[in-house]
Structures are given as structure tokens and as C-alpha cells.
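Multiple structures follow.
Note that subunit A is present in both complexes that follow, paired respectively with subunit B and with subunit C.
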Partner chain A sequence: MDMTTILFYILAIAIVVFSLGVVMTANPIFSALFLALTMVTLAFVYFLLNAPFIAGVQLIVYAGAVVVLFVMVMMLFDLKQEKEAFTKGKFTGFLKIASAGWLCGLIAGAIYMSTEMVVSGNQILDVNKASTKILAKELFSNYVFAFEALGILLLLIAVGAVSISRIKGGTHAK
Partner chain B sequence: MLSNYIQVSLEHYLILSAIIFTIGMMGVLMRKNILVMLMGIELMLNGVNLSFVAFSYYTGNLNGQIMVFFVMTVAAAEAGVGLALAVTIFKKFKTINIQFFEKLKG
Partner chain C sequence: MGTDFFEISINFVKMVAIFLLMVQLVPALVWVERRGSAFIQNRFGPNRVGPLGLTQLLADAIKFIFKEEFIPSHTRKFLFYAAPVMSLIPGALAFGSIPLSLPFHVEAFELFGQTMGPYRFAFQSFEMNVGIVFVLGISSLGAYGMLTAGWASVNKYSVFGALRASAQMISYELALGLSIVGILMIYGTFDFADMIAYQTGPLTFTWLGSEMTIPFLPNWGIFYQPLGALLLFIAMFAETNRAPFDLPEAEAELVAGYHTEYGGLKMNMFYIGEYGHMMVASALMTTFYFGGYNLPFVEPETINEILLAAGFSATKASLLTSFTFFLVLFTKLLIFLWIFIWVRWTLPRFRYDQLMDLGWKKLLPWALGNTIVTAVVIFVMKTWS
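Take a look at the complex of A and B:
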């Protein structure tokens, strides 16, 4: 058992525990905290998979920007009392958990049966082939149109988010 | 025999990503708070990202990492719009329960 294996199992258990914490805690602030921990742990997993650029972006965008955005919006709300954190109904709750578990088992079975077809032989991505420089060259040559479209999307989202949060009237205005 | 299963391979990463995806789905299905539902969506997107990076590593192909970059940007945009909607709901109904989504028109 080498170092990578031990590290993977520790990180995997931490990720599962933290992401269960996101879903299970009744207080949204603790959910945001667990979300940040999940993101940071996932960034370490990306380091294990020879993707340092993606790990850095994960730390900056997710653990930085998105979680801070969540906490900022939470500050605007009055979240002192939350009596019903979970949806009502024992039977429907059981159905939801059962369907989630069933989906997970289905995916796991599909993975178990099909990875032999996808991955053939040893062609693991080495560090020299996956450097940030090569990634940037790929991004700005083959994927430049998608990159520019992403810029337009972000501009639209910035304008749209401001205009949505400024809605006052409408048919149901009080 | 057992060491074959313990040795980390593509299957391990994919199953971890499936578990993260399922936990995120449970969060979306079972919570009433819009913020926690959005966090569940973020968890689902992260599970998909992990499988992208794992495939990229085990097939020696860099395209998966570029796709992860795009998914991250779209996820951040989605969080922005979702939180704007949550702010709108809170301004009108003074709570962020998901059941007020249907009353949000115009």
C-alpha cells in the first residue's frame, strides 16, 4: 500500500463525511462551512490526479468565491429560526433516500461493468503533459470559441442577477 | 486478492464521484431551504467534475480538465442567479422556503 492509496482513502472518507454534513445539518451556516471543507478536500484530490491548475481554480472559485457568495447572501437573511429544515412526510422521505441509494448503486454497477472498455493499458497522464502551460495553449487554440462564449455568459449572468434581485412589482406584489 | 481491490484505480474515483453526486441529490430532494438546495447542486456539479478529472488522468487526455474549467464557470454563474432568486423570495415573503417559488411571478 503506497502513499497515494492511503491519502486517497483519507481524503475520500473526509469528502463523504463533509458532504453529508452539508446535507444533514439544520443550520445553513454550518452547511456553508461544510461545503467549503468539501471543496478544499476535493482540491487535494485533484492534486493527487496531477491536475494542479484545476486544483487551484477549485480553491479560488469554489472555496473562495462561491462559498463566500453563499455566506454573504445568508447575512442578508434573517435565519434565526428554522423549524422545518427537511421536507415533510416519512413515506416520501423514505422514497427519496431509497431512490438516491438506488441511483448510486446503479451508477456503481455501471462503472464496475464498463471501465474495462474505456481504460485500456497504462496511459496515465504525467505531470509534464498536464502542465498549466499546455492547458492554456489548448484552451486558447482549440477551445477559444467556447472560452469567449463563457465570457458572454458571465456578462449576461452579472446583468441578470442584478435585475432579478431588483424585482419589485408583478402580478403578486403586495 | 484483496490488494487488487484496495489499489486505487479509476473505479475508486468514479464511485467516490457517484457518492458525492448522490449526496448532493439527497440535499436537493430533502431540504426546504433554497440555500442548502443550491449547495446540493454545487455538490452534484463537483461530483461530475471529479469524474472528469479522473477520466482525464487515467486516459492521458487533457480535454477532461478543460471541460472541468467550463463546468466550474457555469456553476459559479448558476450560483449567482440562484442566490439572486433567493434574495427576491426573501424580499417578498420574509422566508427562504422553496414552496414560495411558485408564487414568484412577474
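Take a look at the complex of A and C:
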């Protein structure tokens, strides 16, 4: 085994442990911190896979912004009642079993599909600086519609969130 | 990492040395901060311990180490211990990925009867070909240190300080990211070394199809993007939580913010984290807008040739050239660090709504406008020449 393989296995085990931590800790703040660790470790896996730009963006967007917001919001609330409401009752029990089944289906599907995937020669990107340029060219030519549509979706979400917060006066309430 | 033990060990030594450089600069900066603030406010500052109060630093370090290890009983122990480390690591990692000088070459030599091939060592802890994306990503993780410190302390002041700090960091990250897009479009790369290579020689640009050269100005980014440089500098102050943006630790309202409950070496680690962020910010400013380790009008080859002519071996000449340019970068870094200190003791603190308005309503639109104007100018230049 060479260095990359060993590093990959270490990171993969870390990801599994951290993501188990997300679902198995009772305290939501610890869950969120485990989620952050999962995101950071995933970013390092991207580095290993020679996709440094994706790794950096993963760090900036998911670990640096999204999960920070999760942690921030959870610090503001006392989540004891919600936790009890979510851990008891038949409906939530059904939801848990359903999501476990869904996850099993996803894993089985991923294993089944991955045997038929073959990476053709031109899909392996240049390791060096060109890879970011190739990514940008693909994004702004072949996938420009999906890219712009996602941008508009995000804008809609932002506008919606602002309008909901303004119903009660928002941050500048007088 | 390296192919043989010589390369691996040199790389390891380099990593440790650059980390120690960052950590050892902190006491010196604390001294400059205290003497500088005293100078600005017409006081004496520390002047009793040693010449010019210089050994005050040593006394401080001894005090930090021997202070009673006191932890309030109601805190969340594990996170309380983890938080200072979490705020120290991002700064150290980000500083390690910034090139501090030219790479140096070691010629082939004999060791234990084996020929060790020629090597090339970069003057930084590790090379990332997406330099700036990595630095932005890693330094955005600094918010976790503050958040966990605030939450683990179980103290209202700490939580408020932590919330303020992280809200401020996330808000200003947008302005920071956008303010450098313009200069990134001009350089056309994410790599620090390529950016610095672009900034060599006199100021040269294409104007209406003809090439213009201004011989008395260096080819630095500040002359292409003065607005971007200003925006980046302001956003950097907010990112480092320094005055006039130090609301997370506003004494009058929050005691000391997220590190209210900390003392001794743990408190010191927050300090090192803050100064580390300042060093990263200064290094980014120099790399983006002030030529990095370039010395205006002096080529690295000239210095290398002078050293070779003076009778140094090729390896030693290359090493000394790298070190010369490291000193150039270090001088620029110190100038920016002094500006950080200068501003802190000159400007009063913002109010919280003023801070958010500045970030979202002034810096962000200006940065967006700067990006669009730069894109249009680059497009026009490329199509009409």
C-alpha cells in the first residue's frame, strides 16, 4: 500500500466515525460539531482525489458557513422539549424505520450502480492548475442552465427567508 | 512530502520552523502593541523590565505558564479544553501555505556513499496549487474555536461574544471573498507563487491595443485594483476581530467576550490565534497587492549571480537569495502588522448595527461593482486588442 491509500483509509474511517457521531450523540450541538468534522474530513478526501478546488469550496461553504450557522442557531435555543418530542411517539418511530430503510436502499443502489461505472480517459482531469479552468469552462458552457437555475433557487430561498423574518419586524424592528 | 529521507526531514524541519516563526512573532508583536499604544497615547508603556521593557515578554510568558489552572466547575470540560486549540490551528495552517520566499535549490551531493539528487524546496510549509481557496477555507474554520469557547464556558457574556464573533466572521467573509475576485481575474490563477511571479518588473499593461510601461512603478496589484485592496484590508480587520471591529470582546458590554472564562496558557492560545490571523491577513495583502516577496527593480537572478561571483557554492547562493527575499516579505509583513496596531489604538469601536451595515450595505455592493467593472474592462481589452 502506498501513502495515498493509507491516508484514504484513515480519512474514510474518520468520516464513518464522525458521521455516526452526528446521529448517535444526544446533544444537538455535539451533533453539529461532528457534522463539521465530517465536512472537514470530506474536504481532505477531495484533496486526496486531486480535486483541490472542490475541497477548498467544501471547506468554505459547508464547513465554514453552513455548519457554523447550524451551531450558532442551536446555541440560541434550549432544545430539550423538541428532543423529547422527537424521540417518542409512533409517527417518529415510523419515520426512523423508513429512513433506515431508505439509507439501506441508497447504499445497495450505490454498490449496484458503481460496478457498471467506467471512467473513460478524458474524464480524468489534469492534476495541476488546469483542473479549475476545466471545471469553470464546463460550468459556464455545458451546464450553464443548471448552474444559473441553482443560483436563482438560492436567491429565492434568501428572499423568502428575509421576508419571513420581516413579518415580525426583522433585525431592525422599531 | 518527499521521496527520500533527506527531503522528508528538510520538509519536516521547514514546517516546524514556520510554525515556530508564527508563534515566536506573537510576543514580539505584543511588545510592539503595548509600546506602540503607549507611544500613540503619550504614555510610557512597559519600560521597567529589561532594556525598553523587552524582557517583559519573558515575564509574561512565565506568568502564563505558572498561572493556576483554573476551570469553572459548570463548564463543558472537553470542549472547554478543545476550543483554544481549535482557534489556533486554522491560523497556523493558513500561514503555512503562503510562500514566504523563492523556492531554493539544493544541488546533488554525496551522503553515506550515496548520491542525493538535486532538490527543490518551497519556502513554505506545504504547497497548494489552489492557495487562496485553501486559505479562505481554512481560516473560515476559525469561527468554530470562538463558538465552542463561548458555548463551553456556559456564561451569557461568552455566548454573546461567540455569537457576535461568528456572525461578524460569516458576514465579512462574503465581502472578503468578493473583493479579491477582481485581482484573481487579472492574475488568472489561484496559486500564490504565480501571482507573485506576475507582479515582477515595472508596471506594464495593454491600453487600447498598445503596450504601456511605466518604468518608475513596480508591477504590483495595488495599481490595478486600488478599490479591491482597500475593501480586502477593511474586511481583513473584521475577520481578525481586531479594533475597530472587536465587538466580540467589547469590555464595556461583554467583559471579555468568548474568552471571559479562560486564563493562563489557554487564554494565550486565543491570543496566538488572533495574531496568527493578523499575520495571514498581512501576508495575503502583500501577496495580492504589494508584490509578495518581490523587491522592486531587483531580479532574483542578479542577487544569485552576485553571490556566485562572491565565491559561494550554488546551493548556498540559492539559499541566501531565498533568505534575502524572505527578509523583503518580512519587512512588508511587519509594516502591515504595524498598521493593524496603529488602527487599533486610533479608531473607536463600531456599534453593532453600524458594523453589519458596513459589511452588507457598503463593502458587499462595492466589491460586487468592482468585480463587474473589472470583468467588463478585461473583456473589452481582450476583444479590442
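Convention: the second predicted complex is superposed on the first by the 114 of 174 C-alpha atoms of A that agree within 3 Å, B and C clash if a C-alpha of one lies under 4 Å from a C-alpha of the other, contacts with A are read in each partner's own complex, and residues count from 1 in each chain.
Heads up, the rule we're going with is that a contact is a pair of C-beta atoms (placed from the backbone, for glycine too) under 8 Å apart; a residue touches a chain by one contact, two chains touch by 3 or more.
Computed from a predicted model, the values in this text were never measured in an experiment.
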Between subunit B (first) and subunit C (second), which does A:A65 come into contact with in this model arrangement: first, second, both, or neither?
both
For A:S165, decide between first (touching subunit B), second (touching subunit C), both and neither.
first
On the A-aligned overlay, A:Y112 touches which partner chain: subunit B = first, subunit C = second, or both, or neither?
first
Which partner chains sit in contact with A:T132 here, subunit B, subunit C, both or neither? Use first/second/both/neither.
second
When the two structures are overlaid on chain A, which partner does A:F53 contact: first (subunit B), second (subunit C), both, or neither?
both
For A:V40 in the superposed arrangement: first (subunit B), second (subunit C), both or neither?
second
Examine A:L76 and indicate which partner it touches, taking first as subunit B and second as subunit C; both and neither are also allowed.
both
Subunit B or subunit C, by number of subunit A residues touched
B
Once the structures are superposed on A, label A:M3 by its partner contacts, choosing first (subunit B), second (subunit C), both or neither.
second
What is the shared patch of subunit A, the residues that subunit B and subunit C both contact?
53, 57-58, 65, 69, 76, 129, 171-172
List of subunit A residues in touch with subunit C within their complex:
3, 29, 33, 36, 40, 43, 52-53, 55-60, 63-65, 68-69, 71-72, 75-76, 128-129, 132, 171-172
Taking the complex as given, what residues does subunit C use to touch subunit A?
1, 79, 128-130, 133-134, 136-138, 140-141, 143-144, 147-148, 150-151, 159, 162-163, 166-167, 169-170, 173, 177, 189-191, 194, 353, 356
Would you pull the subunit B residues touching subunit A in the complex into a rising list?
3, 6-16, 18-27, 29-33, 35-36, 38-40, 42-43, 46, 49-50, 53-63, 65-66, 68-70, 72-77, 79-81, 83-88, 90, 92, 94, 96, 103-106
Subunit A residues touching subunit B in their complex are 1, 4-5, 8, 12, 15-16, 19-20, 22-23, 28, 31-32, 35, 38-39, 42, 45-46, 49-51, 53-54, 57-58, 61-62, 65-66, 69-70, 73-74, 76-79, 82, 84-87, 93, 96-97, 100-101, 103-104, 107-108, 111-112, 115, 118-119, 123-125, 129-130, 134-135, 138-139, 143, 146, 150, 153-154, 157-158, 160-162, 164-165, 167, 169-174
